[in-house]
Amino acid sequence: MAQRIDTKDLNIYYSSFLAVEAVNMTIEPKSVTALIGPSGCGKSTFLRTLNRMHEVIPGARVEGHVEMDGVDLYGPNVDPVAVRKNVGMVFQRPNPFPTMSIRDNVLAGVKLNNKRISKSDADDLVESSLHGANLWNEVKDRLDRPGSGLSGGQQQRLCIARAIAIKPQVLLMDEPCSALDPISTIAIEDLIGELKNDYTIVIVTHNMQQAARVSDRTGFFNIAGTGKPGKLIEMDDTATIFSSPAEKATEDYVSGRFG
Amino acid sequence: SDPEPADATGDETTEASESGDDMEGGLSGTLSGGGASSQEAAMNAWRAGFQQANPEATVNYDPVGSGGGRTGFGDGSYAFAGSDAALDDEELAAAEAQCGEGGVIEFPGYVSPVAVAFNLEGVDSLNMSPETIANVFLGEITTWDDEAIAADNPDADLPSTAITVVHRSDESGTTENFEDYLYSAAGDVWTTEPSGVWPVDGQESAQGTSGVVGAAQAGEGTITYADASQIADLGTVAVGVGGDFVEYSAEAAAEVVAQSPRTEGTSEYVYTIELERDIEGTYPIVLVSYSLACTTYADENTAELVKGFLGYLASEEGQQAAADAAGSAPLSDTIRQAVLPGIESISVG
Amino acid sequence: MSTTISRPPARGSRRRRSSTTDRGFNRVFRWIAVGAGATILAVLAAVALFLISEAWPAIMASPEELASGVPRYPEDTSLLGYLGPLVYGTILAAVLALVIAVPVSMGIALFISHYAPRRLSQLLGALVDLLAAIPSVIYGLWGFFTLAPVLTPFWLWLNDNLGWFPFWGGQASPTGRSMATVGIVLAIMILPIITAVSREVFLQTPRLHEEAALALGATRWEVVRTAVLPFGRSGVISASMLGLGRALGETMAVLMILSPGFTYSLDILAAGQHQTIAAYIAADFPESTGLGVNTLIAAGLALFVITLAVNMAARWVVARRKDFSGAN
Amino acid sequence: MSVATESSSPGGSPDTARLLATVDPARRRTDRTMQVLIYIAFALAMIPLIWLIWTVVAQGADRISIDFLTQSMRNIFGGDPRGGIYHAIAGTVIITLLATVISVPIGILTAIYLVEYGKGWLARSVTFFVDVMTGIPSIVAGLFAFSLFALIFGPSVRIGIMGAVALSVLMIPVVVRSCEEMLKLVPNELREASYALGVPKWLTIVKVVLRTSVAGLTTGVLLAVARVVGETAPLLVTVGVTDSINFNPFEGRMMTLPVFAYRQYSQGNAPCPGGDSATCVADIASQNAWGAALVLIAMVLALNLIGRLITRWFAPKLG
Amino acid sequence: MAQRIDTKDLNIYYSSFLAVEAVNMTIEPKSVTALIGPSGCGKSTFLRTLNRMHEVIPGARVEGHVEMDGVDLYGPNVDPVAVRKNVGMVFQRPNPFPTMSIRDNVLAGVKLNNKRISKSDADDLVESSLHGANLWNEVKDRLDRPGSGLSGGQQQRLCIARAIAIKPQVLLMDEPCSALDPISTIAIEDLIGELKNDYTIVIVTHNMQQAARVSDRTGFFNIAGTGKPGKLIEMDDTATIFSSPAEKATEDYVSGRFG
């Protein structure tokens, strides 16, 4: 069921600013792909092209192709809404809906789409999603409290629960753990390990160890300087990237004190 | 007869009249007119009287102003209208296009004295000659103890308070009639042609009759002109006419209309008058507001309603109702006799 | 995992039509929204057309025709020369109202959003909103019967003692029904509009930004100055424009309170000096016919143009700093 | 571990104490001054509010009675102290409701268009013309609506819906401008969160953007309603006046509270020859005017209260 | 110049909810103190009491004492504004002022105190602060562009520059690097190393390695369960905490897979 994604000569623009240049990448199905690189190199930008979230920014556009199982996501008969339903996303900053309770936040994907769901199904979905995000125990007594009352880490886990509740084919995560404590991070990493049995996962992270721990393949982005476009320097099996990368830049980066 | 308030649930077309009125209450439907706001109070009385006699009928009157009334009458949107000025040639032509050649009915259905009213501590009444009035309103006489005023009021104890003239800020029939009075009675002093607009700049003014009265009440030493029924507790000027000073009254106002000649060369039912401002024993400052209608209407029901309503308006009873409600001067028999045949003749055409 | 909702997105049997990214009801909704915008354009076009066509005879008429056809019209004056004092009066009234109302409104909005006790602030906000709920006829009645008499002694004092100041010269009105009083009433009328919008905008200032300022050692006022006011800037300008629109177009209150005149005088305490376009139209419309009505509508057209110019200026001010808007 | 004696002096280090106690006195003063000014600003706004409401209540309260609220003025004239404003209440409610029904969808949809879709010349011109619309004097809106309907139904038409259209012309720009500001305040993060869940844009707008800003939108709509509910001049030329009850906005004249109040005020005193009596009260018209004003204020007040409840109910829950 | 901070029996409340209980802690001057612990245990809450930022949240209050060089920060003669001027803070989420340019953001705090700073002084200060935050090279060409146009990492560094521009006595940092790439993180850590020569620094972090690298002393907070208050379990030299903590809970936490 899981999908494989190929990008072909992907150039990503903010209006006339070329943020990411000529990315050719293959993301294997049922695997975890990690994207690493210094800040501002365009990891988030690239990630957002994979579920067509990039284009919601005014003036933002792409050139080239992103293919899912050979179908171009930017093809003429592809509905971006359908793309996003199948390619879920967790953002860098937690963004629960402030008007919704914790429960409704988890069910947002269902409820916002006007889908009918029985109370018991909903309860099950809420519980399983929150369990999956390792948040259930902390919030099970206050499901009807607003989601914005949680701490940062709790909010981020709520957003993960919300993303997995719609059972996407592919899950994009933009530094999902940067606001999480180690225990929650372990839970999320475990979750990623579980999810990859069925789904394709792409994760942006600054944490080299995390990349090493959770991913099967790693892509390294770099940027030559401010105003220059970010580029995919190298992509390979995670073990290779962290042990014997082909490029000097990659080696420098991963062997930093954080290696 | 007692007015009869509608109750909350009563729909105007189904409400039944219990009052044993002597008029036959057969008319039904809705009749709409509009025009001069000066007639509003009187119109309320006429509409109520007519509706009580004809419980199935409703008469509406939009107080949009004389201009709106004449325009609306000319383009057929009002079946009848009220106007503070007689139709001019152009308007008459438009009206005749609606009503047919010679089919316009026009008569001074509402005549009301315009009082020259002032607010001066301890003074209730003053005598003033037309020239004095003109000079006061021109701003030539600036204090209450001016010789010209003192000369006509030897007994009055006049303070040196400054005179503040308050005039109408809107274009108005009252203004036009008052200017017309000053122009014809004090032509040497007051030289501007009458129009609905006050010609002197930089004075106090206010909107509508209630506005000028309110403003006059608010300031000490103010003087204004307003429909006499509205002046409340302001002092009034007895106006010099033919060597005598006349206090305003409905009767004295009715007299001036009755004694002034009818405009010549008009069609049969157009009864407009050329006011004479110096007939002894009459009160010369009057607002003459005309009622307008056609002798023929396209719609039978409208014709019946207009005929009934105007008949009531012009009747002695109707005129008395207006006098009670709005302090107006009842129509003279001469004029009534002249226009009643026109009203009687209203029909479908 | 569940396979029930797993349809490869690209397999959708959607029509291949246009390259726009909108589909299905998205497209419908978009067109509904566009339609609403277009409706406004259509209404405005119709109003403009109405104004121009009705004003046209007056615009085309010679001064002589106008002088004979329009009761108030002076001899030998072009239409622009005639409307000039009205435009001046309208702007004067609106500026007076804004000068009074904007600072006070921002004070009130800040009071409610950042100074008042939280529990109270909603109630206080509702109280100020009540001012907006009062119809202009009532403002007219109140201004005429209650406020003007109370202000009169104060205006007379200003006139006597500070008459050298350009605005307080001339012969002060003994009834207080001058532009100064009108300015105050208009200010009160637009106060709640400006306050309500500003308040909502100030309340939306992100806590993050306020805390950033606090952590830099800002006092409460400095937090307001560094974080709240800049964030609310465009909102406050929009709010002021709403208020200005009402002040420019307000009819009844001005009509009932002001003792009008047609001059370029600065003496806001004097009677018979100024008139606003809206009040002028309402005052003279009832008795007007023919060319008179056309002239009134031409004045309406002038007001239209004023509003247009003022709003363009405001938009320009906001757009100039668009990159720095708080919404980023 | 640290040496505890360092902090043993009761006041602590005097240097530090000074550092923590002093903030530039000029800044303190500015802060205090601004605080006082802001409190004064609020107090200033309360003066006219209380004064106005007190005036209206003092003048109008005596006139309020069941009869006044449940009867029309049909067949009442002169100094007759009977009759009431039921017809005007009905007219105000119906016409304002109609105007709201016309303007709010158009206004909010336009605001949505400007904030969520607006690009290019159409958005620019809509923005531009909405601005211009805010300056249309009410009487011009009335004349416009009149000439529009007169084109279709002839010049004698006077119906409630015409007034509603005139009021809509005045209301729409207020709705658009205030709602536009409110929608702009919804953080982009929330829209993105929704898109990322595969929610189509229109549902995101309806269920996230509108939902999050509903409190602000309510305020905007209430402002707009308040803006028009007191209009007089445009209604006089479009709806006309009547003394009788009419519930049908598509046929016949209607009365509204502000028009009623204004007309009564304009009528001034009634002549009561024998002075005031049970059947003739000289200043009844002005009493009617104030009574109607009081009822009008009370109605808008109630509306505000409802709006406030809505606001509270839907406000984003922040903790 | 640097200040020492002691907290004595500090209880921290959100209205009636006791979030952090009975903290007795000494923060040494001219040193870096790291606070670690799982999400929701009250690290941020505690940190915010040190510059009286806690009390700006409605209903929030403290019991007990926070003393700086023996002066109670919550004492009657103490002005919270002066406290915050002397105790700078960097937040978990980057929060540059969106209405200001990059330059003005850096100067925001300075201008409050010194309105008449000369242009050249200001320029120097902007440059040195941005250098200190390792951002100068990326933004030197666009100092007049809005701060909100930067990437997340860049924004955070801008906030650090803003905080150090007012030269506080104490600097509080709430997960300052959670949005930063490794290269920026190194720069910030180096900066912390430099700053501690003069200033007292308290940093909240989820990154055990970071705590180990930058701090001299480490405090471990923990929480018994949801709704329970967070507590300071143990505080000691960083080396001790990471090698031989006294408490079992500390050992479990620091020896997690992240150790």
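Points to keep in mind about this one:
Note that the chains take the letters A, B, C, D and E in the order they are written out, and that residue 1 is the start of every chain.
Everything that follows uses one rule, which is that a contact is a pair of C-beta atoms (placed from the backbone, for glycine too) under 8 Å apart; a residue touches a chain by one contact, two chains touch by 3 or more.
The chain list, named the UniProt way, goes like this: A, E = Phosphate ABC transporter ATP-binding protein PstB; C = Phosphate transport system permease protein; D = Phosphate transport system permease protein PstA.
If you're wondering where the values come from, they're calculated on a predicted model, not measured in any experiment.
Rotation angle for the C-alpha superposition of chain A on chain E: 180 degrees, rounded in steps of 5.
Simply put, of C-E and B-D, more C-beta pairs touch at B-D. For the pair chain B and chain E, the distance between C-alpha centroids works out to 83 Å.
With centres defined as mean CA coordinates, chain E is found 47 Å away from chain D.
Centroids built from CA atoms put chain C at 39 Å from chain B.
Inter-chain centre distance (chain A to chain D, centres taken as mean C-alpha positions): 46 Å.
The set of chain C residues touching two or more other chains comprises 24, 26, 145, 217, 219, 222, 285, 327.
The set of chain E residues that touch two or more partner chains comprises 81-82, 85-86, 93, 112-113. Across the assembly, chain B contributes residues 37, 64, 68 that each touch 2 or more other chains. Partner chain D is touched in their complex by these residues of chain C: 22, 24-26, 28-30, 32-41, 43-44, 46-47, 50-51, 54, 103-108, 110-112, 115-116, 122, 124, 126-139, 141-142, 145-147, 188, 191-193, 195-197, 200-201, 204, 217, 219-222, 224, 234-235, 238-239, 241-242, 244-246, 248-249, 251-252, 277-278, 281-282, 285, 297, 300, 303-304, 306-308, 310-312, 314-315, 327. The residues of chain B lying in touch with chain C in their complex are 37, 64-68, 70-71, 84, 90-91, 162, 164, 166, 169-173, 195-197, 201-207, 211, 214-215, 218-222.
Here chain D touches chain A in the complex through residues 119, 187, 189-201, 203-204, 207-208, 211-212, 314-319, going by the rule given at the top. Considering their complex, residues 37-41, 44, 92-93, 137-139, 141, 150-154, 175, 178-186, 206-209, 213, 226-227, 253, 256-258 of chain A touch chain E. Across the complex, chain D is touched by residues 3-8, 10-12, 15, 30, 32, 34, 37, 40-41, 44-45, 47-48, 51-52, 58, 60-64, 68, 72, 75-78, 208-210, 213, 227, 229-230, 232, 324-327 of chain B.
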